[in-house]
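Structures are listed in the sections that come next.
Here come two complexes built around chain A, the first alongside chain B, the second alongside chain C.
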Partner chain A sequence: MLLAENIQVGYGSKIVIQELNLTIAPGQITTFIGANGCGKSTLLRTLARLLKPTAGTVLLDGRDIFKRSTREVAKQLALLPQTPYAPPEVTVRQLVRLGRYPHGRWLGGWSDRDEQAVQEALAAMKLTDLADQPVDTLSGGQRQRAWIAMTLAQETDLLLLDEPTTYLDLSHQLDILDILRELNRRHHKTIVMVLHDLNLAARYSDVMVAVHQGTVYTQGKPEKVMTPETIRAIFDVECVVIPDPVAGTPLCIPIATRNHEVGEDAGRTQEPAQARHALELAR
Partner chain B sequence: MNSVRTVNEGVLTNRLWGKVWILLLLFIGVLFSALFSVCEGLGNSSISAILAAALHPSGSQLGTVLQEVRIPRALIGVIVGACLGLSGVLLQTMTRNRLADVGIFGLNAGASFAVVLGISLFGMTSVSALTWMGLLGSLAAGACVYLMAVSAPGRASPTTITLAGAALTMLLSSLTHALLVLDQPMLSQVLFWISGSLAGRSMHALLVTLPFLAAGALIAVGMVRALALMEFEDDVAEGLGQRVLWMRLAAGLAVILLAGGCVALAGPVGFLGLMTPHLGRWLVGSSMPWLLSYSACLGALVLVWADVAARTVLQPSELPIGVLTALIGAPFLIHVARRGGIRS
Partner chain C sequence: MKHGNPPSARTHIRPAYRWHRFTVVTAVLVLMMILLFIVSLSVGETFLDPLELTQTLFGSTTPYNQLMLNLRAPRILAALLAGCALGGAGAILQAIIRNPLASPDLLGISGGSSAAIVGLLLLFPNVSVHWHPPAALLGALVAAILIYGLAWRKGLSPTRLVLVGIAIGAMAAALTTFLLVASAPEVQSRAYVWLVGSVYGSDWPDVAAGLPWVLGFGLASWLFAQHIHILQFSDDVSAALGARLTPYRVIGFALCVGLTGGALALGGAIGFVGLLAPHIARMLVGTEFGKWFVTSALLGGIIVMVADTVGRTAFSPLDVPVGIFTSAVGAPFFIFLLLRGKRIEGRSGEHAAR
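What follows is the complex of A and B.
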């Protein structure tokens, strides 16, 4: 169980997050949404103990995450940063092996348990055949699967991902999100991620957390969070929300930002009221 | 540890033995080269006569030459080369910059400055006194760079370290030049040291620096596992449970001890620390224990042969060894840059 207790986080004198309380529901997929610069990535990094709050604390299983050895934490919580870099010669297998780092000993013994975890992670991400390829020769989707395999080899209950679908095309975005859902449903991993695509977030999340101006604006099931009011408040965008015809989850159709209702786009984008009316007719 | 790996990785079995054999060959190559360096140019003395004179040096002229000149020189060549190879891998890994050379920490500039200071202010002339000055100068410069980098925000990031090193290098080398301009006669005395050379280094100088070199090498070996993670971003390394700042401090300390000891012993030998990690990666990839051992052997091999060339090419005068390593290293550097070995 991971929770943030009244945290305040900043870089230098700039405060990014203040008075934020959040409990991550175990066994669920939680997604942070919010505008650029709202503090959602900062929040994720703080939960992963990469940033130390100036006030408040993060508790993992009731214990202060910043007072525990980082290696012990790494056995419970894995992190995948946004588009991480791998040095050119590193192969998929070498990358996945790094996941065993927190479980290893000082001079690097390699146990059967380590080898088994690596093989399982490779197999789960369908990378066994690509294991000896250098990571930077893979396609974007394969590369992301290799990094996820590394976190799997870490064998943690918690997996934190910062925008895992960035720079991927639609089919690979869906592929990665399906993989994460399967890890959650079948392997009971608690997943926390930052996503930019609201509709995919709504489709794949159990809990959505709307972050606005460094604090939690609202949180709950996608149906509760994805409302025109919330979208307007946190993105400054007018939208209509209809049920996703495929998944039944909320689907956000943006109309226009409130700043640009009239202007050069006025010819192409209809007035909000008009557009909303058109959509209601369509329904 | 390797037995488990080989069982599970059929393909790697062959490659693993390949790596072991080539490492063994390199090691034998180093021994052979050192032997050649000891014997080269000793006229018509047979190997057995040389061996006898080396084992029982008392009295004979050959024995004295071997004991006082040839054996220390070959030994220092092997040790300095190996240590520069090790520190090159450490430095390129910890700064995530494959064009980083040991000069980057301001170590060479610090040592040069201290040696020039020693000669001009304190009138030092003996090699062992200058070795101490070089050692103190490089350690102090390395410590300065580190303090500057650590006190900046961002946990001594690779960029801060590089910038601090470049700044200190420029400052110290302009001070060195100022001292040399003010004291022209000293120039000829110092010039040879400043270009790097193994000539005239005694066993005593080696014994002075050996503890520092050994400590640096021990740290390097002790953090083999951690090093594998240091080329990745801080977030990845910390996410996997590494204490990034502490590891960077330890790696930096090892670099300062290794490269500082080397520059004190042989002067600034350019390019070797840059070149050998690349040769090593080309042979064994970036797997750490292999890369460290390969780079150390290659460094020793290259330096011993560069030294043999330095003293034979223009006989009877001798070239500074730094000139030779630069002659090999500069085209190599361009090759690496063209292949895209740098990371922004």
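What follows is the complex of A and C.
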């Protein structure tokens, strides 16, 4: 169980997150959405103890995450950062082996358990055949799977991912999200991630957390969070929300940013209404 | 689940050979080292029969061989040890700075040692060689602390470390030149030989003075390998895996300083080995640090030993300092490697600069 208690986080004098309380539901997929710079990445990194809040704290199983041995925490919680870097010679297997680091003994011996975890992670990500390729030579989707395999070898209950689908084409985005859902449903991993694509977020999440101006604007099931009101408040975008014809989850159709409504260009204020009307007709 | 990537031309399956490969590389390098050591013992102004030499090593000997052995063996061992230390130090630095162009000489660590030794020669011309390792180490340490202190800003960015290191290196070079100018001619010539890097005239006490430093810091680095290894990945990745970045970097840096100081005490400022050996080692065994470190140290030892043997024999009676050879041969070879390797660009430590 992971929860943030009244945290305030900043870089230097700039406060990014303030008075934020959040409980991550165990066994669920939680997704943070929000505008650029709203603090969702900062929130994820704070939950992963990479940033220390200036006030409040993060509790993992009831204990302050910043007062625990960082290696012990790494056995319970894995993080995949947004643009992770590995030296170019590193092979997929070597990368996945890195996930065993927190389980290692002082002299770095390699146990059967370690080897088994690495093999399982490779197999789960369908990378066994590519295990001895340098990560650098893989395609974007394969590379992302290799990094996820590394977090799997860590054998944690919690997996945090910062925009895991960025830079991937649609098919690989779906591929990665399917993998994460599978990890959640079959391996009961609690997954917390930041996503930019609202509709994919709604389709794949159990819980959505809308982050706005450094705090939680609203949270809950996608149906509760993905409303025109919330989208307007956090993105400043007018939209229509309809049921996704495939998954039944909410689907956001943007109309225009609210900036277009104000000012001299008065004619454009008609657009949302027209568009809404057009949609009504289309139904 | 869809895994619809068509296998690209590059994704053919290769066997799991990495450990196997490391074992082979190590075995070959150790064998090479032993052979080259014996060859190096036999060649020189007078050629000694390698077979007789081998017998000498095992006790049965002629007085003449014994004499030659006592002249040549310490010098060769000094070269070997200095090279191993430089190769190891270079690998540590490249790992913690995440930049394949880092080396102890580039970062001013060697420069600090040089200034300290020249200062020592100037102030105490008759000091025992046993003071050389501590002095070299002290110089390296002062330079390292300066680099660290100036580069520190709530943590350590590899990029800033390189930039500050280059500046400290330039200052150390200026200080060294100033000390040279202020010295008497005898001191100047001694210091000069030392500055280009030379094992000329090394004897058993020299080797005995340097050995503990090199072995001690080498062993410590090897034991710490898994923690240095993880520093090669971006800060987010290693911190999330439970690595303690700043303490590990400080320890890695200290180990590098120790090895550099030991090498400089033994062989002076031998250039380019700290850059070249890790680079070749990386191409041979990859960057899993334990393997990389061992391979780089072995290669460094071989390079310096061979360079000194050639320098001592090829232009006889002229004894060319080993440092000239490592730079003269090492620099073009390094440029060749750079031109050939395509994957060198774009991997400086910028990822860490968060």
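To be clear about the criterion, the second predicted complex is superposed on the first by the 273 of 283 C-alpha atoms of A that agree within 3 Å, B and C clash if a C-alpha of one lies under 4 Å from a C-alpha of the other, contacts with A are read in each partner's own complex, and residues count from 1 in each chain.
By our rule, a residue touches a chain if its C-beta (ideal position, glycine included) is under 8 Å from a C-beta of that chain, and two chains touch if they have at least 3 such contacts.
Since this is a predicted model, take the numbers as computed values, not measurements.
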Fit or clash - chain C, chain B, common chain A: clash
Partner chain in contact with A:Gly62 - chain B first, chain C second, else both or neither: neither
Superposition-derived comparison: chain B or chain C, residues of chain A touched: C
Contacts of A:Gly141 with chain B and chain C, given as first, second, both or neither: second
Partner chain in contact with A:Asp178 - chain B first, chain C second, else both or neither: second
Partner chain in contact with A:Val73 - chain B first, chain C second, else both or neither: both
Partner chain(s) touched by A:Pro102 [first = chain B, second = chain C, both, neither]: both
First, second, both or neither for A:Asp132, with chain B first and chain C second: both
Touching partner for A:Pro245 - first (chain B), second (chain C), both, neither: neither
Partner chain(s) touched by A:Glu89 [first = chain B, second = chain C, both, neither]: both
Interface residues of chain A shared between complexes with chain B and chain C: 45, 48, 50, 69-75, 78-79, 81, 84-87, 89-91, 94, 98-99, 101-102, 104, 107-108, 132, 154
Residues of chain B touching chain A in the complex: 1-2, 4-5, 8, 11, 153, 222, 224-225, 228-229, 231-236, 238-243, 281, 285-287, 289, 343
Residues on chain C engaged by chain A in the complex (per definition of touch): 1-5, 8, 10-11, 13-18, 98, 223, 225-226, 230, 232-234, 236-237, 239-244, 282, 286-288, 290, 343, 347, 351
In the complex with chain C, residue positions of chain A that touch it: 45, 48, 50, 69-75, 78-79, 81, 83-91, 93-94, 98-99, 101-102, 104, 107-108, 126, 129-133, 136-139, 141-142, 154, 171, 174-175, 178-179, 182
Touch list for chain A against partner chain B, complex: 12, 45, 48-50, 69-75, 78-81, 84-87, 89-91, 94, 98-99, 101-102, 104, 106-112, 115, 119, 132, 154
